[in-house]
Amino acid sequence: MPADIALRAKGTTWKVSLTTEHPLVRWGFIALALGYLTLFLFIPLVAVFAEALKNGLSGYVVSFMDEDALAAIRLTLLAASLAVPLNTAFGIAIAWAVSKFEFVGKQVLITIIDIPLAVSPVIAGLIYVLLFGLQGWLGPWLSEHDIKIIFALPGIVLATLFVTVPFVARELIPFMQSQGREEEEAAITLGASGWQTFIRVTLPNIKWSLLYGVILCNARAMGEFGAVSVVSGHIRGLTNTMPLHVEILYNEYNAVAAFAVASLLTLLAIVTLAAKSIVEHKYVSVEAAEEPLKTH
Amino acid sequence: MSFALKQPSVLPGFGLTLGFSLFYLSLIVLIPLSGMFIKTSTLTWAQFWETVTQPRAIASYQLTFGASLIGALINGLFGSLVAWVLVRYRFPGRSFVDALVDLPFALPTAVAGIALTAIYSSNGWLGRHLEPLGIKVAFTPLGVLVALTFIGLPFVVRTVQPVLQALDKEAEEAAITLGANRWQTVRAVILPELWPAIFTGMAMAFARAVGEYGSVIFIAGNMPLKSEITPLLIMTKLEQYDYAGATALGVVMLVVSFVLSLLINLLQWWSSDRRETH
Amino acid sequence: MSIRVDHITKRFGTFTVLNDVSLDVPSGELIALLGPSGCGKTTLLRILAGLEQPDQGRIVLNDVEVTDRHISERHVGFVFQHYALFRHMTVADNVAFGLKVLPRAQRPSAERIHKKVHELLALVQLQAMANRYPTQLSGGQRQRVALARALAVEPKLLLLDEPFGALDAKVRKELRRWLRRLHDELHITSILVTHDQEEALEASDRVVVMHQGQIEQIGTPDEVYEQPATPFVYHFLGDVNVFHGRIPHDRSAQEHPNGEFALPEDLEDEHEVTFVRPHDLELSRHRTNTSQLEASVRYVLTAGSRVRVELLAVHSSQTIEVELTKERYRELELRQGDVVFVHPRQLQVFRVPSS
């Protein structure tokens, strides 16, 4: 049937040409998009490592031999090791409450979690200065009892906590909401206690989401600049975190050292992005495995 | 009529988890934030108004909001394009590019700041080619725009991408069977579906840019009245122990942030409402 | 375990899901709760399990009131519509879960658990799948795992919430027969929630038909199908022709098995409605009786083992559906436009409160 064949051949042509663009347009779009990303993402990313290695590998390594640089790395690790577990506990708690129960005011609560993302980091620092600073509400009382919060570790941890409050919660809530509560209910009907249900059923299900939330929270905690800058006081070797140390080195025209410390933070960012890709891939493959067997 | 604040459930732990969450949020977020409004109330209205309308403050608003807006528009255009390319086309390195889009979320702002400055300064990779053309980027308002465009880059891509993915290809095919050409299909069938997501992403990018500090201060030059953003002005006032002045400006920014959050929530509600009616 | 549902009422907000529902189930029966979605059947099941709390009323299991008792004290097994299998555990681990979470003193040894899991997997014919993950199973296999998992804790009462609702027609049919055989073997009191009338009629000892939060009828499958108590049950269980109006002389099918009665054609009076199943209508080519209804053939659908004929009543213009056997259809030699005479073999009249 020649007519039929001709019709079908015609059919394929319009499908190719009409539900996508002409190849020239297509490659033009791709080039434009990649050009934009190159300008704003690739070049800055490469620049960090290029500047850090400007004086060769030995120059790079020397940057970390500095006592102040090491102190900054230690402080950053310490602040993150305090802020991340606290925000993880909070994230799990609020995700459980929000995703497994129906209650009045839930939407308001979810909105409140996002406040730190909407607020300028400078303001995040400012509010703690107003509370605990020398001229702040609690300042006189604190100095009387010789407790230092602002320009000291507690202030840095508080500012970091504020900025990173939403990260674990924001990863877990939509994921746990999409999982529903049937598996947990099934565990309860089979006689499991609440804690057994959480440890044996919920936690294994959310582990990848949770891990990504923690990694994201950690990246932000280690990289936070504005909020920490307000409360830190910039005391070298004492209250300087890595990003603040980068600033000081840069302002002292010690670009290689600044970029060397920055390169560590950049590696952390790359690890974070890789973790995201892996976690997303995990979920996609799980969904793909479930998909063909779903009969509804 | 049974009215309860919470529907009963066999799952335990509601009181514990919600109690802890509320306590934590109050301690870390709500009480410190409300402290700021109380601090502002120590100023009289006239003092407050004078602080927030100083020429230096006004200039900083113009720069902050202006550059944020232009950055959001650039990202609205190119972000949509990137999302389109990532969803609709296959090319080598696509998943790598997809992962890298989130870089501005993950990269510490100070690092972004010094990297952009190094590139665009007069002896930098790009700055050295732009300067002979009479374009100075680093240490000018243009530098602020570059930094704010960078940190807002992922928002539009990430809001548009899922909508594009969920888009029903049959609608496009239907448009074609009804005689529309490709451009008509894109304009009449696809774009109307994308607008809410594009606007939401732009509003998010704008909100993020308005509060941004770390990536801007390195590249901006920070000249009062010329290239000084509002968050930096707050910082300067704090360093001069002008807590009241810093707080007044902070309140202005906070109010703007809340209005923007409200707008974003409305936009999200609009776009999800649209998707559900399908 | 015997069940007594005693005047249960449940509301969600202003919507009454269950309105003063009472039900008794003797030990060892398999009961089907049948009704359209939103009729309250799943809510009743979840209240029985202890997954929901009723607003009013009591639940009594084996003569002990359990209304306020926690789910763990009720000894019920619950099978969820979408299986609710633990997706990160193997089939064997899923089945073992209820045993592994027992307090140490009551927990069987690892060996005993292993043995028991394999007995159960043999029972549901899935021994070969013990080390697979739920995502690697078909829907029907998943539901059998869910059933084995529920049985592992030796429940006194088995509650099944639309267990086959997400499966395709052929698998549903197999599984409900298999469930019936399993029940005949184990004799655990079971309640099966379903919206599929065939499933309810085929699998259960008794059917509870529910509608808008209330029970319409309780009876054996034959009873509810042959003698529906309400117009709703008539409608819900199979196709039906509805004739509005009064029947002359108030005669009924039982009195005149030869079909010597009229079908009402008067559409004005709506106080009585007559229900006739399509297969209870007989057709003839010639009028043999004055009370027969004259109609013309509009469509003939010959799909499957039976023939469906759509008629148009000549006087009232009402559409009437008739189901014939293939043989009868061939005898009649029906063609579109033919005039036929209709009379019912069996019908049922309900009084409808005048509005």
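As written, the chains take the letters A, B and C, and residue 1 is the first residue of each chain.
Definition applied: a contact is a pair of C-beta atoms (placed from the backbone, for glycine too) under 8 Å apart; a residue touches a chain by one contact, two chains touch by 3 or more.
The structure displayed is predicted, hence computed values, not measured ones.
Engineer: By C-alpha centroids, what is the most central chain here?
Structural biologist: A
Engineer: Going by C-alpha centroids, which chain is farthest from subunit C? Tell me that one.
Structural biologist: Relative to subunit C, the chain with the farthest C-alpha centre is B.
Engineer: Go ahead and note the Å separation of the Cα centroids belonging to subunit A and subunit C.
Structural biologist: Roughly 51 Å, centre to centre.
Engineer: Provide the C-alpha centroid distance between subunit A and subunit B, rounded to the nearest whole angstrom.
Structural biologist: 15
Engineer: Can you work out the whole-Å distance between the CA centroids of subunit B and subunit C?
Structural biologist: Distance between chain centres, rounded to whole Å: 55 Å.
Engineer: Where in subunit C do residues touch at least two different other chains?
Structural biologist: 51, 71
Engineer: Subunit A: which residues touch two or more other chains?
Structural biologist: 185, 188, 193
Engineer: Which subunit B residues touch at least two other chains?
Structural biologist: Answer for subunit B, listing residues that touch two or more other chains: 10.
Engineer: Touching subunit B in the complex: which residues of subunit C?
Structural biologist: It comes out as residues 11, 14, 50-53, 55, 70-71.
Engineer: Can you list the residues on subunit A that touch subunit B in the complex?
Structural biologist: Its residues touching subunit B are 14, 17-21, 26, 29-30, 32-34, 36-37, 39-45, 47-48, 51, 86, 89-90, 92-94, 96-97, 100-105, 109, 111-123, 126-131, 133, 135-137, 158, 161-162, 165, 181, 184-185, 188, 193-194, 197-198, 216, 219, 222-226, 229-230, 242-244, 246-247, 250, 255, 258-259, 262, 265-266, 268-270, 272-274, 276-277.
Engineer: Can you list the subunit C residues touching subunit A in their complex?
Structural biologist: Interface residues on subunit C, with respect to subunit A: 49, 51, 71-72, 76-78, 80, 82, 84-89, 97-98, 101-102, 135-139, 142, 146, 149-150, 152-153, 165-168, 171.
Engineer: Write out the stretch or stretches of subunit B touching subunit A in their complex.
Structural biologist: Against subunit A, the touching part of subunit B is residues 5-7, 9-14, 16-18, 20-22, 24-25, 28-30, 32-33, 35-36, 39, 78, 81-82, 84-86, 88-89, 91, 95, 97-112, 114-116, 118-119, 124-126, 149-150, 153, 169, 172-173, 176, 181-182, 185, 207-208, 210-214, 218, 231-232, 234-235, 238, 241, 243, 246-247, 250, 253-254, 257-258, 260-261, 265.
Engineer: Could you please specify the touching residues of subunit A with respect to subunit C in the complex?
Structural biologist: By the definition above, subunit A touches subunit C via 182-183, 185-193, 196, 200-201, 204-205, 286, 289-290, 293-296.
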